[in-house]
Structure formats: C-alpha cells, structure tokens
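Naming follows writing order (A, B, C, D, E and F), and every chain is counted from residue 1.
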C-alpha cells in the first residue's frame, strides 16, 4: 500500500519532469537530459516545500484563504 | 486545501521553472512567490464570481 | 462535504481561467486580467448551461447518443 | 453521460472561447454548437471503431 | 457497470483522438478527419498492445522495473 | 504498474504518432520502443533522486 503510494508519487514526478526535460525520445538518455531530470525532481520538491510553507503562513494570517 | 496546494505547485512549476538547475535561484523564487499570490488572487476572484452567479 | 464540493468546483474553474487569462505571473492582477477572470467564470457557466440543454435535447431526439 | 458532458464543456471552451468577453457572442455560440456536434460525431465514430476492433 | 467502463474507455480514446485530429470544429466531419479518427483509435490500440507486451518482457527480464 | 503503462501509452502516442495512418510504420514502431525505454530510464532516475532526497 505504501509502495503503491510511492509509485503514484514517482509517476507524478516523472510526468512533470518528462514534459520538462524530454523533447524527442532518442537512443539513450544523454548526460544533459539526466541532469535535467535529477534537477527537475529536486527543484519540484523545493518548490513544494516553499509553497507549503507560504500557504501555511497565508492561512494563519488570514484565518483561511 | 491539499488539492489547491497541489494545483499551485504544478501550475507555478510550469510558469517559473523552465530549465531546472542545481538550485532555485532568486528570480525563480520571486516568480514562485508571485505566482502563488496571483493564483490565490485568482482563486478568490473565481470564488466570488461563481458565488454571485449561482445565488 | 458541500464545502469540499464547492472548493473542488472552484479549483476546476480557476484551473481553466488561469490558463485562459494568465500568461506570466506579475506583481499584481491588473484590471484587464481581473475582468478576464470574471468573464471567464461567467462564460464557462454559460457554456455549461448551453451544452447541458443541447445535450438533453440530443438524448431526447435520438433516444440516447 | 455526465463525464462526457464535462469533457465537451472543457474541450469546446478551449476551442471556442479564447478571449472571454461580457457575453457569449453569436460567433462563439455557433462555434460551441458545432464543436459539440463534432465532439459527438467523433465519439460515435470512436465507439464504432473501438467496438469493431475488440470483437 | 460494464457499460460505464466501456463509456469511460471511449471518453479516453475520444479525448486523445480529438486532440490529434481536430484543429477547429467545422460544420461537419470531412472524410479526411473521419479517417484520421478511425486510424487514431486503431493505432492507439496497436500502441497499447505493443507497450503492454514490451512491458511484460521488461518485468520478466529484470524481475521488476 | 497498470497506471505506469497507461502513462507510457499516452506520452509515447503523443511523441510518436502525430498523423495516425493505416498501420504503425517501422519508424513509428522504433520511436515507440525508444520512447518506452527512455520513459522507464527517466522513471528509474526520478525514483532514485526522490528516494535519496526524502531519506
């Protein structure tokens, strides 16, 4: 069950990073594309944390949104 | 609220991070903060317009 | 529960109107963008009503679709 | 059928309303009516093609 | 229930083939567009079968993915 | 895994079949095979990056 949740998360991240980093599929992932994917995952996590924090502040300040 | 936060993350990633690099640089952070504020402004505006329409 | 349904509806409308009206996020919503969003919500409701009516007619006329 | 109607609304809004104004003008209404008819034509064609393929 | 599943499948196929084949809605589906839609359905089924087979092989060979 | 397979089909259809014809020609088949391999490569890379980040 936890495994299913993990896979769902990966599916979502891969969806976003595929769209961000892959233009046309080629015979292998070159290093530039690999770097893009790894950075994409990490920046997407950063952005999620950033937004979650800011969102919590907003709700506290406004007593809702 | 969780769903809204998920939407914000996806929308603002698309608007602000076109070439993911080794960290969020300051212009990306600024873009994300603005994007989030505008998304909430838009959400509140939609909510008001929808409410007044269906009453 | 009704509140959750309302929020889901707003999420959907905001998704569509964000894509329709916002190109790049800026320091505030200018009046042109605000007008676009309010019009977008109202035209989307109009379109929903229009389509629902036409759809009901179709089903009646054809005994299905 | 509800799901189909939801799809039609989203698809035809995208095709027909690029700049939402203060009312649905006649060319938008015409576009929406055509879009809906074509979406149903397409749905019926897909349904037939899929049925004959999986039999 | 089986009918609901069938309709869901058709909705999905129609979604994809509408995006693939229709640019602007016109007064009728011309024969070129009809051919595109029928081919789209059949090629999407071909692709599904192709991928499912290849995916099963992958899992067998690697004992997972 | 079913969901992953569904994603692959949709993504690779979009990347490889722009004009559906009367059969999958050899260049389309080659594109689909590559696309699927790259999607899995990407999936594994994402999985690794995500795992090492959340630990």
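We adopt the following convention: a residue touches a chain if its C-beta (ideal position, glycine included) is under 8 Å from a C-beta of that chain, and two chains touch if they have at least 3 such contacts.
A quick note: this is a predicted structure, and the numbers were derived from the prediction, not measured.
A.B. asks: Measuring between Cα centroids, which chain is at the maximum distance from subunit C?
C.D. replies: Checked the centroid distances; the maximum from subunit C is F.
A.B. asks: Using only Cα atoms to place each chain's centre, name the chain farthest from subunit A.
C.D. replies: In terms of C-alpha centroids, the chain at the greatest distance from subunit A is D.
A.B. asks: Round to the nearest whole Å and give the separation of the Cα centres of subunit A and subunit B.
C.D. replies: Taking the average C-alpha coordinate of subunit A and of subunit B, the gap between them is 15 Å.
A.B. asks: Just give me the whole-number Å value for how far the CA centre of subunit B lies from that of subunit E.
C.D. replies: 32
A.B. asks: In whole angstrom, how far does the Cα centroid of subunit C sit from the Cα centroid of subunit E?
C.D. replies: 27
A.B. asks: Among all residues of subunit D, which ones touch two or more of the remaining chains?
C.D. replies: 1, 4, 12, 16, 43 - these are the residues of subunit D that touch more than one other chain.
A.B. asks: Please list all residues of subunit A that touch 2 or more other chains.
C.D. replies: Touching at least two other chains: 17, 21, 42.
A.B. asks: Name the shape of the chain contact graph, picking from line, ring, star, complete and other.
C.D. replies: Chain contacts: single closed ring, each chain with exactly two partners.
A.B. asks: With touching defined as stated, please give the ring order of all chains, subunit A first and subunit F second.
C.D. replies: Following the ring from subunit A in the direction of subunit F gives A, F, E, D, C, B.
A.B. asks: Mind listing the subunit F positions that touch subunit A in their complex?
C.D. replies: So the residues of subunit F in touch with subunit A come to 1, 3-4, 7, 11-12, 15-16, 31, 34-35, 37-39, 41-43, 45-47, 49-50, 53-54.
A.B. asks: List the residues on subunit C that touch subunit B in their complex, please.
C.D. replies: Residues of subunit C touching subunit B: 7-11, 13-15, 17-18, 21-22, 24-29, 34, 37-38, 41-42, 45.
A.B. asks: Hey, which residues of subunit C end up touching subunit D in the complex?
C.D. replies: Touching subunit D: residues 16-17, 20-21, 36, 39-40, 42-44, 46-48, 50-52, 54-55, 58-59, 65 of subunit C.
A.B. asks: Within their complex, state which residues of subunit F touch subunit E.
C.D. replies: Listed in rising order, the residues are 1, 4-5, 8-10, 12-13, 16-24, 28-29, 32-33, 36, 40, 43-44.
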